[in-house]
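One structure, as structure tokens, below. Some questions next.
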Amino acid sequence: MAKAYKLVTIFCEAVLEPLVIREFDKLGIVGYTVSDCRGRGTHGVRSGNWRMSANVRIEVMCDLALSDRLMDALQPFDRDYGLLVVRSDVEVLN
Amino acid sequence: MVFDPIVLFFLLGLLAGLSKSDLKIPAAIYEALSIYLLLAIGLKGGVELSKYPLGQLVGSSAIVLAAGMLIPVIAFPVLRFVGRLSHYDSASIAAHYGSVSVVTYSVAVATLMERQWQHDGYMVVYLALLEMPALILGVVLARLGDQRDGQGGGLAALARIHWGRLAHEVFFGKSILLLIGGLIIGYAAGEKGYEPIAPVFKEAFKGLLALFLLEMGLVAASRIAAFRSYGAFLVGFAMVMPLVSACVGIATARYLGFSAGNGALLATLYASASYIAAPAAMRIAVPQANPALSIGASLGVTFPFNLFVGIPIYVWMARTFLPG
Amino acid sequence: MVFDPIVLFFLLGLLAGLSKSDLKIPAAIYEALSIYLLLAIGLKGGVELSKYPLGQLVGSSAIVLAAGMLIPVIAFPVLRFVGRLSHYDSASIAAHYGSVSVVTYSVAVATLMERQWQHDGYMVVYLALLEMPALILGVVLARLGDQRDGQGGGLAALARIHWGRLAHEVFFGKSILLLIGGLIIGYAAGEKGYEPIAPVFKEAFKGLLALFLLEMGLVAASRIAAFRSYGAFLVGFAMVMPLVSACVGIATARYLGFSAGNGALLATLYASASYIAAPAAMRIAVPQANPALSIGASLGVTFPFNLFVGIPIYVWMARTFLPG
Amino acid sequence: MAKAYKLVTIFCEAVLEPLVIREFDKLGIVGYTVSDCRGRGTHGVRSGNWRMSANVRIEVMCDLALSDRLMDALQPFDRDYGLLVVRSDVEVLN
Amino acid sequence: MVFDPIVLFFLLGLLAGLSKSDLKIPAAIYEALSIYLLLAIGLKGGVELSKYPLGQLVGSSAIVLAAGMLIPVIAFPVLRFVGRLSHYDSASIAAHYGSVSVVTYSVAVATLMERQWQHDGYMVVYLALLEMPALILGVVLARLGDQRDGQGGGLAALARIHWGRLAHEVFFGKSILLLIGGLIIGYAAGEKGYEPIAPVFKEAFKGLLALFLLEMGLVAASRIAAFRSYGAFLVGFAMVMPLVSACVGIATARYLGFSAGNGALLATLYASASYIAAPAAMRIAVPQANPALSIGASLGVTFPFNLFVGIPIYVWMARTFLPG
Amino acid sequence: MAKAYKLVTIFCEAVLEPLVIREFDKLGIVGYTVSDCRGRGTHGVRSGNWRMSANVRIEVMCDLALSDRLMDALQPFDRDYGLLVVRSDVEVLN
């Protein structure tokens, strides 16, 4: 009954959230989950104490093919924005 | 004291941030306070407007706006050719300095009130007017030099701006929406409708402004650290540019026959740099610009400079060059 | 102006939401404001109660309660048989309309105060009384038609209600706890104990209500979008039902000999639909009901309808049919 | 030293949190972690701007057998509530 | 009423927590309220200080501090040898009781004001002074018996304390920073600079304190549950220790010739146990101590004990043993 | 293009956050992400209603060797603090 999926997790600047979701719409991705976070990376400390220094984690469960296309769609953001995209295996149970 | 004691809250926040204290103001409170300040300023301006003939402002508005646009036009070449910043960064920083800071304006108002100078509440209309045009100008400046995708820069690049999306961000961005919304509600409510909400929007204003300044200090502290590596030019720019802008302001005020109080506020508006509307808008519209530079300059240097040095100077300039 | 200027804050929020502005009020602030409003209303009612003989309210309370229960009893068959909604949805929506809205009540009080009408602060006791019984009635209506698990519906289904859990949710739910808790504290404190906390709980009330209305507008905007697909019947219901309920309110007020001010408030209570206590309670107790329908109707249509059209009508009805 | 476990992640409406935890208690699950989130799925956009539109992510580290029983226990909620349950492999280190 | 009605907010929060109501105050609001209270108290103290010769406080401060350090020194052996608690727990709890509670102090001030007793605003200087030294003493006590890593305890262990880090946490910890920062700003602003921020920092104080008490009740409820398993000794300690400390306070006040109002406040300070600064500091500096014990005792027992029983007793003691 | 990494997720008391990040600095770990959460474990319910009962989730993407060293560095905290450290496989895409 459980189906094999990919979980794509996108860590990025909070201001990027609407732009990422616009990509979802273009790719026909309906489901996603967003949560607020903070952190540190090559773009320095992002302490989350105001919107300009806040990060979000955006998670998408989708099949392998779609996850590949999603990665490609996010590539252009990587140059100018703090962005980290990771992928892992999950079983989806409903 | 030469400056209003509420600026000490900024220093306290700065100290807390620089000393790595565990003091943290939750992001939700920061958001709520900034919404409150924008609304409260809009409301107060609207109530004042309802007492004056609106038409009278139209002519002067055009001149205030045009003179205000001089600021990014002056700032851009200085940043690009003297400071040798990338042209995206130059455009973004110019936009920040062309736009205005609500908190700096509020501190100037508080300073005038402490000194019992007259000023007109409708000055906030200029605040609302000046917030956005410089941001659009900044995007245009950025795109004019844009060689991206080998499509060539110059005027041709302008066609590639998403004008619709930009206009949407400008007119329905949080700050303009709250300022203009507040202005209209205040205008509709008038003095009588304002009275029952005045305990929150008027009497609590200065205390909540103090809390916001505390938070600004914390944020500025984190920005100063990131900013330190960018050298002396930008620090110098962030202290000289406001003085230049203030001179533009005093000249404009003199030309328009403003009172000294109103002139001091106009000079402060011109001299102030945005860090609520501009950073978010520029991050989306000009992603190639490094926000550490623009926010570091506007929030880390110019904002405290205006609080402690600038405003007293602008007040002095207004007293010297404008009628009582 | 025919309505109080604070309702304009709702419009501003609605505009921000519909125009997809980036204005967002943090969820923590929404929670805090709703806690504040419930407490402040309870406290004020309690202080007022401490000035009157409590006993006097007992008789009228029973009648106010009984008449109030007519509302879900009228609404349910209309929704089920005229609107052809599922019977879970009918029960849930009926519960929302049988319960009451704290913010609508507060706006009505503000309207009366602006018009300088007398009303009694203890009316808030009815607000507290009316909040919950309709929710229980809604659960009962939902279960009466429940064929789940093939165990048969009708009265037998009632036995399957977790009465203990339901009672717990009703009496220890946030809104009742804060309203009744506020009432008791206010009653114990009296005018003298209330005075030092009045700057927060009384003077700031209307300003904070304005901020909450701004947030309600934002939330309502997202609900209207989800609601649009559900057709004209429910929109019509959401505008006619309050008028029917208000008539029940005016009749009850007349029967009980209420003053015009108190009668206008009772009509408003009956006409208002809950969107703080009811949605959360119904989501758990009647999960089969679609919350988009009930919240869309109560918050997206009835709430603004009451603000802009309803309350002026109820005030007019009270003036016409009740003694000065 | 590291033990192989399953991580069950439950994305659901915030109002469901106490009901899900009641299931944990029935199954004898002690440890869990909850965080606030927002998102979009078949039940539409859940923007998190008030409690009725907020989501939570509930994470449970447990062994395979228990994760199977947990899935079954959550099944009934799927019909009426916004709910997504996923499972992945993790090593637990203490 | 024998106690101020605002303590009823604590009871309401406690009831909500114990009855597992869905009432939750967002963590961001809790943080914001605690920042507000610390700043407001500091500011008020600073304004008062600006009216008195500062020098006058120096001598008495040393004595108040020295006498205050008696409290952890008394508490530690009782906890260790009578209560048979681990020596880490004994040290941590002793530190909590040696430090002070801002909210308890505020309720005592409110009680005095309701009874129209005179007291001096500069008492808040002692509050700031007493907050931290007991925490350092607690760390020293913990380390003195520390056998960790087989390096031996006793005085040798003291050398292993990260003095720099500890001092940093003490002086730049949120509470000290806001209290002292508020004191200095208040002192610099004086009565005149304080006036425009007084609607927020003075008039709203008691109302916001009430909201904080509501939240404290919620937190205390969760602590009481965790605490129940730890037996009668600690509950007894948490009710007797404040009385002992209050006696130290009254004796010190008498020795220093304090007025009854000031003496009641000093007794309250000594009797109160910290639950803002101490828990966080001890969790890091003495990780072996179980926070359920120290927070359960200070917040779950001593805090309500002081609110409902202690403060009236200390006021009575002050009236009996100190000059008018 | 995607590289195989380990994701180390640390659930712990909020007060521990600066101490954990100090370990990162010692190990030369630059990137991490923090989000607020609440939960339950062997140290009881942590409801997140004030700082002393709040948890954080700290996530680090790193290679296997570093993840091993990170685990070891966190071991000492396990005795006195509420702490759960888990590890899983991820592909990092940029």
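Lettered A, B, C, D, E and F in written order, each chain numbered from 1.
What we mean here is this: a residue touches a chain if its C-beta (ideal position, glycine included) is under 8 Å from a C-beta of that chain, and two chains touch if they have at least 3 such contacts.
What you are looking at is a predicted structure, and each value in this text was computed from that prediction instead of being measured.
Novice: Could you tell me which chains make contact with chain C and chain D both?
Specialist: Where chain C and chain D might share a partner, there is none at all.
Novice: Which chain has its C-alpha centroid at the greatest distance from the C-alpha centroid of chain B?
Specialist: Farthest chain from chain B, going by C-alpha centroids: D.
Novice: Where centres are the averaged C-alpha coordinates, which chain has the largest centre distance to chain F?
Specialist: So the chain farthest away from chain F turns out to be C.
Novice: In whole angstrom, what separates the CA-based centres of chain A and chain E?
Specialist: Each chain's C-alpha centroid was found; their separation is 45 Å.
Novice: What's the distance between the Cα centroids of chain B and chain F, rounded to whole Å?
Specialist: Chain centres of chain B and chain F, defined by C-alpha means, are spaced 40 Å apart.
Novice: Calculate how many whole Å lie between the centre of chain D and the centre of chain F, each centre taken as the average of the chain's C-alpha atoms.
Specialist: The separation of the two C-alpha centroids amounts to 20 Å.
Novice: Taking each residue of chain B in turn, which ones touch at least two of the other chains?
Specialist: 24-28, 31, 199, 204, 280
Novice: Which positions in chain D are in touch with at least two other chains?
Specialist: Residues 35-36, 88-89.
Novice: Among the chains present, which pairs are found to touch?
Specialist: Chains touch in the following pairs: A-B, A-D, A-F, B-C, B-E, C-D, C-E, D-F, E-F.
Novice: Mind listing the chain F positions that touch chain D in their complex?
Specialist: 9, 11, 35-42, 55, 57, 71, 75, 78, 83-89
Novice: Under the stated contact criterion, what part of chain B meets chain E in this complex?
Specialist: Residues of chain B touching chain E: 1, 4-6, 8-9, 12, 15-16, 19-29, 110, 113-114, 199, 203-204, 206-208, 210-211, 214.
Novice: Would you mind writing out the residues of chain F in touch with chain A in their complex?
Specialist: Residues 2, 5, 7, 30-36, 61, 88-94.
Novice: For a test of understanding, state which residues of chain E touch chain F in their complex under the given definition.
Specialist: Interface residues on the chain E side: 24-25, 27, 30-31, 215, 218-219, 222, 226, 279-280, 283-284, 287-288, 291-292, 295.
Novice: Show which residues of chain C lie in contact with chain E when the two form their complex.
Specialist: Touch residues, chain C against chain E: 26-28, 31-32, 35-36, 39, 168-169, 172-174, 177-178, 181, 184-185, 188-189, 193-194, 196-201, 204, 280.
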